[in-house]
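Shared chain: subunit A. Partners: subunit B in the first complex, subunit C in the second.
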Partner chain A sequence: MDVKITNQDNKTLVVLDGRLDTTNADRFQQDVNPLMQMEHPDIDIDCSGMSYTSSQGLRIFLMLQKSVLAHGGKMVMRNMNPQVKEVFDITGFSNIITIL
Partner chain B sequence: MKKRSFSRRLSWRIIGIASVIIVTMLVIVAIVSHQLIADEATRATQHILHGTISDIEKPLSEVEVVTKTVAAHTLSMMSIDRNGETANAAGVDPMEQLVKYTVEGDSLVCGSYVIVPSCIGNLIYYGCELPSGDIAAGSMLDDAMNSPADWLVTTAKEKKDAFWIPPHKSLVDSNKMVASYCTPVYLPGTEQLACIVVSDLGVDWMEQKVEELRPYKNSLTTISCSDDCIVGIKDTAIIAQIRKSFAEDKELAALGEDMKLGKDSIRRRIGKGRTLSFVVYGPLHNGWMVSIVCQYRDVLRRSAQMNFNLMLIGLIGLVVLFFVCRRTIRRLSRPITELSESALKIAKGNFNAELPEIKSQDEMLHLRDSFMYMQNSIADYIEELKVTTRANERMESELNVARNIQMGMLHTDFPPQLYALLRPAKEVGGDLYDFVLKDDHLYLAIGDVSGKGVPASLMMAITRASLRFVAGLGLPMDQTMNRINNCVTDTNSNNMFVTLFSARIDLKTGRMEYCNAGHNPIIIVPPDGEPYFLKAKANLAVGLFSDFPYEAESIDLKPGTRIVAYTDGVNEAEKADKSMYGNDRLLAYVSSPKVRASATTEREVVEGLLESVTAFTDGNPQNDDITIMSVKI
Partner chain C sequence: MPLDMHCEMILDEYRDKLPVFNRIKDILLANLRKSLDEKNIIVAGLETRIKTEKSLTGKLELKGYKYRTLDDITDILGARIITFFSDEVDIISALVERMFEIDWENSVDKRKMLEIDRFGYMSLHYICRIPKSMCDDPAMPEINQVRFEIQMRSALQHVWANMQHDMGYKSDVEIPVEYQRNMSRLAGMLELADEQFSRIRKEITDYRRNVQSLVASGNFDEVPLNGDTFRSYCELKPLQRLADKIATINQAELYDDSLMPYYNVLVHMGMKTIGDVERLRIENSEAAYQLALLQLAGTGLDIVAYSVALQNLCIVYILKQGFGEAGLVRMFAALYGESAYNAQRASRIYQQAKKINLVS
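Let's look at the complex of A and B:
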């Protein structure tokens, strides 16, 4: 799982590539931890390269979403592939995370 | 294989190297010393030769002078004689007197002769020492052909100048060897031979001199006067043999040639093997050649002795060196042997094995210190390992207890129309299932906590407790789910969540009321149609937001319909190549004729699916909890 985080004009662009599973969920959490400290974040997550997410991955997206709301910012996820989108739909996460 | 000790091997190696060095040194010393000694010997011998030559030449020159003086007198006497004064007052012939005085006056001259050739024969005036010591003098006429006098006259005519006759037997004493100097006297102004003056010189002293002149044991000094006469060698057979060798051997022939030419020189290598010799030679003024032959065997005898002694010392030294080396190396390497013994003891588990005492401040001490450090480290490490192992064992036994407790939370007293199983990926897991059969109503639930292991298992316990409590209230499904969500959310500070499918089936009417909180869609297998995934509203997973408005739905099921519920450990089971079991295989399994056969029990369905998944993953470790539930109404 490759995570690229770039900051541009007060916007944070996160590009994900690969499988987000049990083996790398902890590392992914460390990667996104700084984003949870930001004030009024504007996070844009590009999921076009993400082929799978486990329930631990979902949990991290959820934590990120909660933190964004708490810090008065916004977060969107885009370009999800159908299988990943299905997981978000089934678990009801599509209800609380903006997926474009 | 023969075992050879380190000390012996090292000693042999040192001995080998030392031997090479000693032998090389000996060879160099031998070669250089031989060369030096040989050079010195030839130089010394040359010096002796030159001394000898001048010693021999002195008497020869004296005899030559005496003879020439006599010759000068004879000519004047002969002219008087012609004038008729043939005798002096005493009546003695002056020529006889002259020869007698010559012998008497000169100690070297042992015979003096004047030979006057004439038409009637050779008139000989003689004065000579007899063996008795008396001197005989007189004159005689010798008319014999080929007599010594005749030969002399012929030779003098040929040579025209004075010459030496090589040593020969004295005419008056056959035991005495003499050399003769002959001076022909010519009538003044003519080439007519007037007389020949001959002086005999005894050569005993010469023989004695060459006999005594032995610079080395087997050296030989000779004076070659002619082909037949070599002073210093008495045996004529030997002389003949020498002549033969000189004629046959190229080297000797060249040497003879040089000697004849009267070159003063040296030959460093003559002969072969043990008789290898050097020759120094130089001519006397009359052409005789003095030579000294020395055998290298004699010359180098002392140097050979010295080399032998050196070799002996070297050999003894090597033997001593070997034993000293072996002893020293054995003593120095003893700590290694002892350390290896200690290592064996340590290897057998005695970590307190004593290490050898080392007094020297060298690598051995360093080795021992390192060894001791290693010993201590291993002991510490083993101790640490014991503690860790104990802790792990305790943890494991606790986990086993936890597993038993968790498994105890799940119903296993299945009614005939229902079967379920849960297989955690670790000791404890986050999956759960539950069912309650009450008054023709069957409550079902299946859930999956995010993550796995101990944290998930605790969440599972909370969820399972809430489920049992809320189900007992008999509320509609949406409210049931709402209550459960609130219970779990209250106690969830860690953002974990539970996907949960819950349903209540009226066994009389076949109506199923259900609510799906983020769980995988269950499979409905109608008795007369194709199986399908039950679509449900996307409610949020349980445990995230309090008071989330869960929505329930309902569906009418025909009798004989089978419901198969599962967690994502089934459809997301992975092979080594990361390919997943997937929904298609799941559907294919439940629609297979074997599974759909009316005799197939729910237990067979559940266990068959687990087998199918296990066969698919083909030994790849299970990475998520697996829960399967099958119900037939």
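Let's look at the complex of A and C:
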């Protein structure tokens, strides 16, 4: 999966492309680790190119969300395709993470 | 007006001691913040200031004759703690008494000084020193000698004091007679409001305690559904069994999230008492599990949120009541706001519900 992280106007944009599964979850975790050190982060995750997420992906999003809230910030995920959105829905993760 | 020699000496002393005041200010602020945090006391404001040279000069011009040395002026350094409620001032003062050495002779409880037919500026002023147990620095022994003032007042007392100050009066004695009555009425109103806020807060606290015992007693039909009662009900973990069963589908980890976002959904669904919510659980748990089984089995998703149990219970209830896809869209809108996802999701669930005969 390709992960592109850019910062502009105090906002962090994360663009995801491809499948997030066991083969690349560790790398994704490393990619987002710096975001967990930020104070008052404002993170926008564009999922339009993400075709799938496994449980490991969900765990990383959950960890990121908890860290963001603990640092007084906010995080939204947007543009999920129906298959990815279903994963969030049936696990109850739509109740935890803001999906636009 | 130029200051006389005596006042100039006091002003020189002030300049010499500024580093000491700054150091005490830092110690004072850090220790107050730490103590408030430790006691979980949330205040409306905590501020410190060192009197400016200009302000001190003004004070000396007016009543410099009253002071022998700078030490006689106890408000060069001041801290102010503003509480939300008037009854919290006593809690804060007890904390301050434990933290600092109090110069009782010069400390004033202005709340007790007002005559019975007068209202107005009310706050508690303590004159303090930093005790050696808090800071003992041989390089700057003055830290434990210099006195400073801590003011404690409620937010409304603070508003009143600021309004008076803004209007150019430091006490209501200076207010022209024709305005005194109106000022007294206003002050009385604020004082009454302060008392009422404290009383209401106490009543709400008592109510919440009662609700907790009522919910804990299991008399759910007697408990009206509101934010407080639902929170107490959630603390009993009523959906743990269903959530555990859902987690078992993929031997999943259960993430313990809040059910509170569902309060509005339950209200929209017409639930009036905690008993209604309990019946929702009892009568629909099996179908909610079957829906989760259909959705999760074979996906390998080994983490689920606790709230998925209530999510599925609500879905089942809405479909059983015949509200169809439109009912589900309304539920999702109540949870997440209006979104294009809501209709897609409702449609998908409706098709799944047909497979387990929830709808025909």
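By definition in this document, the second predicted complex is superposed on the first by the 100 of 100 C-alpha atoms of A that agree within 3 Å, B and C clash if a C-alpha of one lies under 4 Å from a C-alpha of the other, contacts with A are read in each partner's own complex, and residues count from 1 in each chain.
Just so we're on the same page, a residue touches a chain if its C-beta (ideal position, glycine included) is under 8 Å from a C-beta of that chain, and two chains touch if they have at least 3 such contacts.
Computed from a prediction, not measured in an experiment: that's the story for all the values here.
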Clash or fit (per the criteria above) of subunit B with subunit C on subunit A: clash
Contacts of A:Arg19 with subunit B and subunit C, given as first, second, both or neither: first
Partner chain(s) touched by A:Asn7 [first = subunit B, second = subunit C, both, neither]: neither
Contacts of A:Pro82 with subunit B and subunit C, given as first, second, both or neither: second
Which superposed partner A:Leu100 touches (first subunit B, second subunit C, both, neither): second
Touching partner for A:Asn33 - first (subunit B), second (subunit C), both, neither: neither
First, second, both or neither for A:Leu62, with subunit B first and subunit C second: both
Which superposed partner A:Ile90 touches (first subunit B, second subunit C, both, neither): both
Contact residues of subunit A, present in both the subunit B and the subunit C interface: 54-55, 58-59, 62, 89-96
Residues of subunit B touching subunit A in the complex: 448-452, 495-497, 499, 516-521, 538-541, 544-545, 568, 572, 578, 623-624
Complex contact set, residues of subunit A against subunit C: 54-55, 58-59, 62, 80, 82, 85-87, 89-96, 99-100
Sites on subunit A touched by subunit B in the complex: 19, 21-22, 54-56, 58-59, 62-63, 66, 89-96
Complex interface listing, subunit C residues touching subunit A: 252, 255, 257, 261, 292, 295-296, 299-308, 311, 335-336, 339, 341, 344-345, 348
